[in-house]
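The structure under discussion appears below in the form of structure tokens.
Labels run A, B, C and D following the written order; every chain starts at residue 1.
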Amino acid sequence: MIATDVGRLLISCPDRPGVVATVSHFLFDHGANIIHADQHSTERGHGTFLTRIEFQLPNLEAQLPDLEQTFKQIAGRFGMEWRLASAAHKKRLAIFVSRQEHALLELLWQHRAGDLKADLALVISNHPTHKALVERQGIAYVHIPVTSGTKAQAEQEQLRLLDEYRVDAVVLARYMQVLSPRFLQHYPARIINIHHSFLPAFVGANPYQAAYDRGVKLIGATAHYVTEELDAGPIIEQDVRRIDHRHDPDDLRRLGRYIERVVLARAVGWHCEDRVLLHGNKTIVFN
Amino acid sequence: MIATDVGRLLISCPDRPGVVATVSHFLFDHGANIIHADQHSTERGHGTFLTRIEFQLPNLEAQLPDLEQTFKQIAGRFGMEWRLASAAHKKRLAIFVSRQEHALLELLWQHRAGDLKADLALVISNHPTHKALVERQGIAYVHIPVTSGTKAQAEQEQLRLLDEYRVDAVVLARYMQVLSPRFLQHYPARIINIHHSFLPAFVGANPYQAAYDRGVKLIGATAHYVTEELDAGPIIEQDVRRIDHRHDPDDLRRLGRYIERVVLARAVGWHCEDRVLLHGNKTIVFN
Amino acid sequence: MIATDVGRLLISCPDRPGVVATVSHFLFDHGANIIHADQHSTERGHGTFLTRIEFQLPNLEAQLPDLEQTFKQIAGRFGMEWRLASAAHKKRLAIFVSRQEHALLELLWQHRAGDLKADLALVISNHPTHKALVERQGIAYVHIPVTSGTKAQAEQEQLRLLDEYRVDAVVLARYMQVLSPRFLQHYPARIINIHHSFLPAFVGANPYQAAYDRGVKLIGATAHYVTEELDAGPIIEQDVRRIDHRHDPDDLRRLGRYIERVVLARAVGWHCEDRVLLHGNKTIVFN
Amino acid sequence: MIATDVGRLLISCPDRPGVVATVSHFLFDHGANIIHADQHSTERGHGTFLTRIEFQLPNLEAQLPDLEQTFKQIAGRFGMEWRLASAAHKKRLAIFVSRQEHALLELLWQHRAGDLKADLALVISNHPTHKALVERQGIAYVHIPVTSGTKAQAEQEQLRLLDEYRVDAVVLARYMQVLSPRFLQHYPARIINIHHSFLPAFVGANPYQAAYDRGVKLIGATAHYVTEELDAGPIIEQDVRRIDHRHDPDDLRRLGRYIERVVLARAVGWHCEDRVLLHGNKTIVFN
């Protein structure tokens, strides 16, 4: 259950004495009760201060504009990047998928179980494969074929749909097309990809074959925000599992699917609960 | 490096609005800069509030008495259990050990490497086995034999030594004697034991044989504060490792040693860095 | 892909010199090529010898009766318990489920992905909840309500269905009814249950609440063969995950579901691939 | 305890029917009882066959020359690479170390505990740092300074010592010098290095800083046989641990030490128990 009176305040600013005192007073003055808070200071208090505060405030949604107005002044004073959000206001996701279904299925499942706190707005695919499956759950499925000749046009249609469906974030659930820089600019730090290796090892195509050829003893998966440089965006989550000589490349692909799905679902869940803060090309996850 | 101007404030109190604001103001007013803070509220803000704050304050040691005096009033107002400590003031440990050396060795090693932030005041054993090893590191080793007839007397001698060496906490590093309730009362929540099973499975003697007989697929170890009821005190840390049919009870004992040593060392380290707070018969570890 | 010419030979017998030589000669003489073999000797060669051999033999299905006939003599000589199976002959499973769907969904999914090498013959539930979901995958769903008064009758109907559908093994995928000893006798070492704790800790009902109350730092799940004594049958697989003070009992239930589903699926998969051998109240898993 | 009558037979050869039957008959005919056997066939029986057989044979050492003589013919027939070894004949190790002690300490400890089945013949270091520590355990310590000008000469002295001490394998326990191709040729697949990253990520110097800069969520260590190409030899073992935003590069170095030491010790232990077979640039570990 997401209570309707729970809010989240996220802040990133140059560290200096008084930040915590000021922010906690602001919340106290407005009748908000802090129920959880995480904070981190880089360079032992001499770099950037980052925090995520979960608070309870009766009638939050109605008070939000007011709160934001007042906080703007504090934020200005301390040079803060910040956002205030109601936990009841779920993020709207679009899932991009190609032929492989495992990452999509996990998200559908976690959504259905109530574990993924998000609205699944629509699924976009360059294949018609999963249409019935997705629509059965009451989610729109749009098939947009992509060829080298039609890619620009396809992206335009995708962007139009994201707009139409008021999408907050895009999840690439094993979507096998590279998105253009132009596309990426529309959703900075809001496009999450799952790469099927423990990055930065095995960047690029066919990482399981590469892992097999190198003879590693663990395979992994990495969820990251997509940036222009391939597989080089800020890492949100990674995990691995042990393999051995009995596993051929097909086994790695099969076993890897089960890491990919959980790593992606964790990253998406954290993003939707406002647990991921950017700091340069890295993430700070308050989970 | 432990900076001499880093302090820690630990608080546990009934939750209510204004606690964070008050505490952070107190620190700000005294010129302290928060460099890390963890907090937890049980029952979503309607139970107990617990926090651990690490702050930087020039000339801390000199100011500590003053800080404590002022904070006493805040603490009284909110019904707080609390303590203020300088990170530079290391806890003094006594290690109790019997014949097995692995847990002792790990603590000596981590101490030597500077990873265990504590003073090893002395080692007490019911065997003379490790005398040379311990003394070589410049640590006192006292051999106090224990038989059923001499146990009370032995404990009296142990308590006298703990007093003489101004010991803050006792680590039972595979010490094979049960301590009396009378002994325990002198060090409430300050005696840490390593039990060689994943508690509450396999309470009591010979847990590896019991694990073998039951055919479990993972074995574990548990570090906990010692209370009167055997193996039932607040758990600080646990870990496990996979085993299979090729492992006989001796293998489990051998493999288990490597879990025991890291689980105990982690728990002791956290205790010494004031990261463990008690909440009923459970611990909250801010690590 | 399961090749149609792959067979499996499983043997358990008193250990003595010559077993391996005899068995490997038998296979060689019949033109079978060993592609994988696992073996284990308890008590360092003086107890029980257990092996699982995967071999390739063209036209296997046709030759199977002949092979079995010949092997019977070897088996008699060495006092072997054994079975010969074609990998192409998939086991037929019945899944028993109550209201919670996660364990069922995982099995459906792994089956659909081709990762669970079995035929899902039917699903039996004491609730109508998952009827549409299951039937959509082309699997029969039978709703058999169970009350204390109708339990014996319900079990009779269940047994009739298992017979009708020629079921080889039963999977209790969070089925919340205790099966009678009479029922169990029909499927010795062929009923797999998932228990939502790291057994033998937290036997019985509501293990997540019990885990929360005890303050453990890891929660787990256990897949085991069902025997008359509750939660005491041979363990096939176990796994755990880390939790901390921020997780309340509902969180444990939620997080635990993701361990339960993978632990059960692994155990069922191994059973279906003839990788699990019984040895007293324990299992030997050649995986 | 290593029984004096336990032998190990390791084989690698082109796969073909009859290999297992022939080898098991050979052992049976000589009165050997197989107590454990692992085998692996690449390409599902159409590539290379690899096996490790542990057997019991009274009076093994005396019979070994005879066994080898007879087996030579079988080996010739099947084109086998093979070796026969008595488990009682421990491998003699040289440990190379620089200033950091953790990997060395773990090996000394495991040796002392009887868990590392090897003879520690000598320790060679480019620093005098650990002389007292090593000699106290009754192990020779030779300080051979290495500068760019004296490297060739230093290696000559090292090789002479390895010869003098009849060393079977060399362990680079955080030895910060690159060995020349000429040196490596003397110990093919018998020099084990620990690299402080999850290879192939972060090849080269300062991997913890690189891991920090990239923002990975897990750090790792890799034990591998040393070949001419830096950090590219056959991987024997790898492991990882989770880190988060609170860990700076120094924390990674500190935490990483505890992965390095166990990964190296596992790899060395497996090598000494003849559990590691080479297959191209990969290893097959029968553990």
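Here is the rule we use: contacts are C-beta pairs under 8 Å (C-beta built on N, C-alpha and C of every residue); 3 or more make two chains touch, one makes a residue touch a chain.
Values in this document were obtained by computation on a predicted structure and should not be read as measured data.
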* Structure fact -> Farthest CA centroid from subunit A: chain D
* Asked: What's the rotation, in steps of 5°, that superposes subunit C's Cα atoms on subunit D?
  -> 180
* To do: Find the geometric centre of each of subunit A and subunit B from their Cα atoms only, then give the gap between the two centres in Å, rounded to an integer.
  => 37
* To do: Report the inter-chain centroid distance for subunit A and subunit D in whole angstrom, where each centroid is the mean of the CA atoms.
  => 42
* Structure fact -> Residue ranges of subunit B touching at least 2 other chains are 36, 40, 246
* Asked: Where on subunit C is subunit B touching in the complex?
  -> 40, 198-202, 214-218, 220, 234-235, 237-240, 244-246, 279, 281-285
* Sites on subunit D touched by subunit C in the complex -> 15-18, 20-21, 24-25, 27-28, 31-41, 44-45, 56
* To do: Would you mind writing out the residues of subunit A in touch with subunit C in their complex?
  => 36, 101-102, 105, 109, 113, 115, 136, 246, 254, 257-258, 262
